[in-house]
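Note sheet for the following structure.
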Amino acid sequence: MNQIPSILTAIREKSPLVHNITNYVVMNNTANALLAIGASPVMAHAKEEVEDIVTISSALVINMGTLSKNWVEAMKLAAQKASKTKTPFVFDPVGVGASTYRTETAQEIIATYTPDVIRGNASEIMALTNSTLSTKGVDSTHNSLDAIQAAKQLSKELGNTIVISGEKDIIVTGEKVSTVSNGDALMAKITGMGCTATAMVGACIAVEGNTHLAATAAMAIMGVTGDITKNASNGPGSFQMNFLDNLHLLTSDQLSEYLILNE
Amino acid sequence: MNQIPSILTAIREKSPLVHNITNYVVMNNTANALLAIGASPVMAHAKEEVEDIVTISSALVINMGTLSKNWVEAMKLAAQKASKTKTPFVFDPVGVGASTYRTETAQEIIATYTPDVIRGNASEIMALTNSTLSTKGVDSTHNSLDAIQAAKQLSKELGNTIVISGEKDIIVTGEKVSTVSNGDALMAKITGMGCTATAMVGACIAVEGNTHLAATAAMAIMGVTGDITKNASNGPGSFQMNFLDNLHLLTSDQLSEYLILNE
Amino acid sequence: MNQIPSILTAIREKSPLVHNITNYVVMNNTANALLAIGASPVMAHAKEEVEDIVTISSALVINMGTLSKNWVEAMKLAAQKASKTKTPFVFDPVGVGASTYRTETAQEIIATYTPDVIRGNASEIMALTNSTLSTKGVDSTHNSLDAIQAAKQLSKELGNTIVISGEKDIIVTGEKVSTVSNGDALMAKITGMGCTATAMVGACIAVEGNTHLAATAAMAIMGVTGDITKNASNGPGSFQMNFLDNLHLLTSDQLSEYLILNE
């Protein structure tokens, strides 16, 4: 647990370049959250350049929220390059299960390029291991606890770390399960909070090689900032604004003080 | 008028999935506004999946703000599917009249797929019935009242509901005209407020089959939230933030108390 | 210097239509900033319509932040049309140097279509004159002062105006160098502030034919609004909100009072 504040410090010292191939809805939030925590975001999706950008980056974030043919091709090129350059890679299977196209794309990316971390809500993680499960759009209809078995199975198959976001954030690596119980219910009413969490995993795996620890740090940063933010906010508009301010102002001491971590 | 608060209640109870094929500029605002009112937004535009997404959705919102070839093809596939599945469909002809491409696309979508509701500003509604009218970009240069005749003509041809947004919001179905006189002038200085209004129509037609009533409820929700927001805001930045907070906090009592509706 | 407040007044009186072909990350910010200062933004990127939109616009802004093949083709069509219609044109070579694709695209656009103004950070301006210089993503790793020689060289070759944004904003036309020393360090922690500055150049060149003066006015508007904003803000979230409010509220008197201009 003492290692988590030091990951925050490392992000601020190294300002790692984090390459995001993400969805149109959240690009602005994601870039701002990465800047606020101290990382340096770059958004680039052209097939002509994703490999160049992976090469200069310290982490790759792929989020399939508004996927389409050209973007999926670029995602694959970037993931393949990350595999060659040993660039840490986190994948967010947004809305997997909501369409055949999403399900097939997510499964192909996971099977072929083995992300170091996969982050999704409970429905998404469950859909990854059960192609017949239907989800309702992009919002979770399942509880995080229900998804733990699916996450363990997936983590063992892939040899990586799975994060199930929700009221509690659950980080699973093989049989190891850590739980972060911070954050606020309002975060589910703000678009892209999950995508921001995935990008935060990108910032953490850029500076920390232990993916379980890095993913836990990312969820801790999101949850603790959420806790700090909730009292000063009237609704989802002010919450978003204050969240960004508080991410920028977050200290290692606050992380230690507020964090509710079970492992 | 008593039916309008009950539409708000229905959105919050049912949390309908609203499928948006919308423009890059406003995707984040639109998704957040739908979440704030209690709906569940999904943004998906790939030809490979729009039909799947329409099938699981309770309403379809098509907004052509940043149209291009692939997107227009997906819009048509989605609209065709919505027609088959009887999924309510609202169309926003952003900037129609500003280019030949926009005008032809809007006219084809309207003629072929008959949206249940069309929402635009006065210039856009007038451009839909007069292909030689030129508009100045995406901001209206005409008064809402001028567009009523065009709206009546269009509504009768299509057998649907037309909304003219502006200082007053005018809802037209055949000869029936309702007017919502809420809202604030600052809303015209914020990008995507009109697109948010269209998405709000999507949330309302998802739970209410009477399109005139649903569109009126959407304009009431936008206008009343604008009224509540204006006094606490210094400019377009704080207005946007407070608008989202107030949309989340909006009560049926506030809707009844503030609404200025003539019909 | 007295001419700068009058450019602000002219934007508000004429409300010029500014055509933006810009990146996904900042479209919303850009449109809102243009509305807040009094201009009328239009975002359009389809090859089928960019020439029509240039024809009705008073300025063209091309920003290659999230470039891809179709977009680059549209950028070229729009730039070519702007050249024919004598529509003022500002170019933002976001991240040039970070990939071969970006560098080649930027160099082709500059060499073929001669933007009236180019705005970038120090690393980007240096990369335009030195194709072997590598940059780190989209954030500057060089000081603005280092880039002045590169800017002078580029300005003389192209016969245009170059803006180097940074802690100080430097406007270069041939040997003429003006410096705006307003603004706040927090602006570098907010995505798209540079892109907003480029769009602001678009609003200014739409109403002022002297590109050096227009670019200086744009940097003055950004910097002074930043100065006004910084004291009331806790971090990048509240800064963004207040910046938009203050852009909307900015007066000619404030511009004169706060501006720190050396020329």
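So that you can tell them apart, the chains are marked A, B and C in the order they are listed, and the count of residues begins at 1 in each.
The rule we apply is simple: a contact is a pair of C-beta atoms (placed from the backbone, for glycine too) under 8 Å apart; a residue touches a chain by one contact, two chains touch by 3 or more.
The chain lineup, named per UniProt: A, B, C = Hydroxyethylthiazole kinase.
Computed from a prediction, not measured in an experiment: that's the story for all the values here.
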item: C-alpha-based rotation, subunit A on subunit B, 0 to 180 degrees, nearest 5; value: 120
item: Same-residue or different-residue interface between subunit B and subunit C, half as cut-off; value: different
item: Distance between chain centroids, defined by C-alpha means - subunit B, subunit C (Å); value: 32
item: For subunit A, residues that touch 2 or more chains besides their own; value: 24, 28, 240-241
item: Footprint of subunit C on subunit A - complex, ascending; value: 17, 24, 27-28, 31-32, 35-36, 40-49, 52-53, 56-57, 70, 240-249
item: Subunit C partner contacts - residues on subunit B that touch it in the complex; value: 23-26, 28-29, 65-69, 95, 98-102, 134, 136-139, 189-192, 233-238, 240-241
